[in-house]
Amino acid sequence: MSRIVEVRELRYVWEDGTEALRGVDFDLEAGETVALLGPNGSGKTTFALHLNGLLKPTQGTIKIDGLPVIERNLSQIRRKVGLVFQDSDNQLFMPTVLEDVAFAPMTSGLSPEASAEKAMDALRLVAMDHKANKAPWHLSAGEKKRVAIAGILASDPLLLVLDEPTTYLDPPGQRSLATLLSELPQAKILITHDMPFARMLTKEAVFFQDGQIAGRGPVDQLAAHFNW
Amino acid sequence: MRHARLELWSRGTSFAHRRHPAAKILVTLVFLIAISSLHPSQARAAIFYFVVLTALASAAKLPVPRVLLAAAVVLPFACVFALMSFFAGAPEKGIAIMVRSWLSALTTVLLMATTAQPDLLAGLEALRVPRFLVQVMQFLYRYLLVLIEEAGAMRAAAASRAGKASTLEFRRASAAAGVLFARSWGRANAIHQAMTARGFTGHIPRFRVLRITAADVWFVFGLVGPVLAVRLVLP
Amino acid sequence: MHIPDGYLSTRVWVITDLVAAPGIALLARRAQAKFNHHLIPLMGVMGAFVFAAQMINFPAGNGTSSHLVGAALLSCLLGPAAASIVMTAILATQALVFQDGGLLALGANIFNMAIAGVFAGYLPYAMFRGSRVGLFLAGFFSLMTAAVLALSELLISGVAMPPAMLSVSFAWFLVSAAIEGALTLAVAVALERIQPGCLRKPVAGGRAWAVSGLAAVLLSSAGWLFASDRPDGLESLALKAGISNRVTSLIASPFGDYQASFVANPRLAKSVAGLAGILVIYGLCMAISRAIGATRREGA
């Protein structure tokens, strides 16, 4: 197995001096899924934004698939790491589903035809190909989430990072999302407060507290230990 | 919602829907120019345009009465001007304004009802409208409904706490606008972040490839010719 | 305020379209050059924000309510060039999707609201260095300028209006402008409380530029109305402004032919010449203010 994520001594201080991350070490192997648990403001999302190079570490190193996350490698890193944000509306910024999913292939330099083909493949994976020509506001919350995931899959990532994917989803939507995610072969990092959802997808979790990783282990054990 | 209905119509597949958006914009402009210069005495030309526009709507398989009604949205405003003309002693000017503005609105409604919004923007770009402006329009249209929903929720929240005094109410309304702004600003940053995460570096690639066909050329000349001819020949 | 199609005479919509199109192209380039690339989503969302903010009703006394127009607020938030582009995007969307304002009249509406309205809003804001007075005046002048321009264009186009309506319109403009000023101020204050630093600090030292710019905008919009109301308005305006006969003849000469060949109605012809003259005056004012600004900067 190859190591997809390797984070060492990661520190991040916001402009106003708040310490968001205070020395985080984290590893993830290919195909693994891990849930990030912990209170609001404990640094989970800040950590996730670093994986894609959206934030620059104040200190420490991050490697994705052996490649250091530095300015020079960003376009490659961003293809390898797909972020799925909490509010799908912010992620689906193009006028139609197909154009949105084709956005990443297009920016990576593929022709419109090749990008459309890739986008259709990705949409088929999430069972949304029949909505390719719809505008985002014709979709339900669950459909938007699927399209957002397709938009990430279209650039053939190695790692999916999902921030609170079950927000706005009804229980059937949550179950079908869990099924979809469990069928995807990529490594996954799941930031969530939704424990049943986390249990459906993984046995392993990491607990964040005050910008540090306070524990790593089986979901149930961590939940019991931190009274979660 | 008005734009939802236009959007629904614009997803048709008739011959009019399939024409190049730039061709439709050009034809629209020619219609508008011909209509805008109609004189009160040129009733026959006005009737001709009405017949052509209605025929186009029906050929595009649009619900004609509802299209005519959608264009009537400009009539209340025109009525005010018609009344003013009447009191200023020039009633024929007032009637001309009503006819011209309704026919113009009908032309615009037809353009929008046969052209999906992304195609329309691509058409504008093909006609050399600055790409920067077109992209701002694209994002505006995309987030219009999202923000209107937020504003609606906020209005309900403000109404549920409404005070009696007008100044208090005024302050609450401005606070609501402030909150709406802060959310919009935050959303804009989140959108930019999501775009960056997917490789955006300042350039949105062109996805739509639109080609001008022989049918587009026929469409333009077939309509522009008669429209201008009627305008020039009829007294 | 949004002029629909069917109201403006050919000359008026052609001229305003010809002014607005290169103006917007220029401003688009300026706005694009000044900012980094997070501007496109930001400007689009700000346009949607103005749309949505118009849904919030503000009590305007006597049980009536009013809403924000937003040109002045945008110019304080984004600066004039970007605000012009956002307003243009809003106006185009309103014209296309909501039939609120015409397509041929889009040039006129852009000129009134997105160019003159935005700059008439930004200049007092810059002049008073972003103070509360500046914010109120921004909303006031922005709406007043746009409304006066729209009315003048309608009058020049020969829309019939009983004389009494004119004074009523003016009174109504004053009230609306005062409301827009109050709304701009109230919303800006609320914004500053929620998100300090979101209003753009106007560039320091631009006061001379701002004063003369504002004078130019007001002069041109007042003059426009003047020219429309009184066919010989331009001549008297030019005399009052102290422009020599040579300049007046220079302005008049290209339009002498125009008058003879195209325009049968002498009243209309003079109005057209009036419009062009006002544009020249406006340009002169801007050039003078530039010069003053430049010497100021060198002195400082």
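Chains: A, B and C, in written order; residue numbering restarts at 1 for each.
As a working rule, a residue touches a chain if its C-beta (ideal position, glycine included) is under 8 Å from a C-beta of that chain, and two chains touch if they have at least 3 such contacts.
For clarity, every value in this text was computed on a predicted model and none was experimentally measured.
Participant: Any idea which chain sits dead centre by C-alpha averages?
Facilitator: Taking the mean of all protein C-alpha atoms as reference, the closest chain is B.
Participant: Can you name the chain that lies farthest from chain C, using the mean of each chain's Cα atoms as its centre?
Facilitator: A
Participant: Measuring from the mean C-alpha position of chain A to the mean C-alpha position of chain C, what distance in angstrom results?
Facilitator: Measuring from centre to centre gives 47 Å for this pair.
Participant: What is the distance, in whole Å, between the centres of chain A and chain B, each centre taken as the mean of its C-alpha atoms?
Facilitator: Computed value for the inter-centroid distance: 38 Å.
Participant: Calculate how many whole Å lie between the centre of chain B and the centre of chain C, each centre taken as the average of the chain's C-alpha atoms.
Facilitator: Chain B and chain C have C-alpha centres separated by 23 Å.
Participant: Could you list which residues of chain A touch at least two other chains?
Facilitator: Those would be 93.
Participant: Two or more other chains touching the same residue: where does that happen in chain C?
Facilitator: 41
Participant: Going by the touch rule set out above, which residues of chain B reach two or more other chains?
Facilitator: 117, 138-139, 141-143, 146, 187, 191, 195, 200-201, 203
Participant: For chain C, which residues count as touching chain B in their complex?
Facilitator: Residues 4-8, 10, 13, 24-25, 28-29, 31-32, 36-38, 40-49, 51-53, 55-59, 61, 68, 85-86, 88-90, 92-93, 95-99, 102-104, 158-162, 165, 183, 186-187, 189-191, 193-195, 198 of chain C touch chain B in their complex.
Participant: Considering only the defined contacts, which chain A positions touch chain B in the complex?
Facilitator: Per the stated touch rule, the residues are 49, 52, 54, 75, 78-79, 82-83, 85, 87, 89-91, 93-96, 99, 102-104, 106-108, 112, 115-116, 133, 135-137, 151-152, 155.
Participant: Show which residues of chain B lie in contact with chain A when the two form their complex.
Facilitator: Touching chain A: residues 7, 11, 117-118, 121, 138-139, 141-143, 145-146, 187, 190-191, 193-201, 203, 205-209 of chain B.
Participant: Write out the stretch or stretches of chain B touching chain C in their complex.
Facilitator: 2-3, 6, 28-29, 32-33, 35-37, 70-71, 73-74, 77-78, 81, 84-85, 87-90, 93-94, 96-97, 99-105, 108-109, 111-112, 117, 120, 130, 132-133, 135-144, 146-148, 150-152, 154-155, 158, 166, 169-171, 173-182, 184-185, 187-189, 191-192, 195, 200-204
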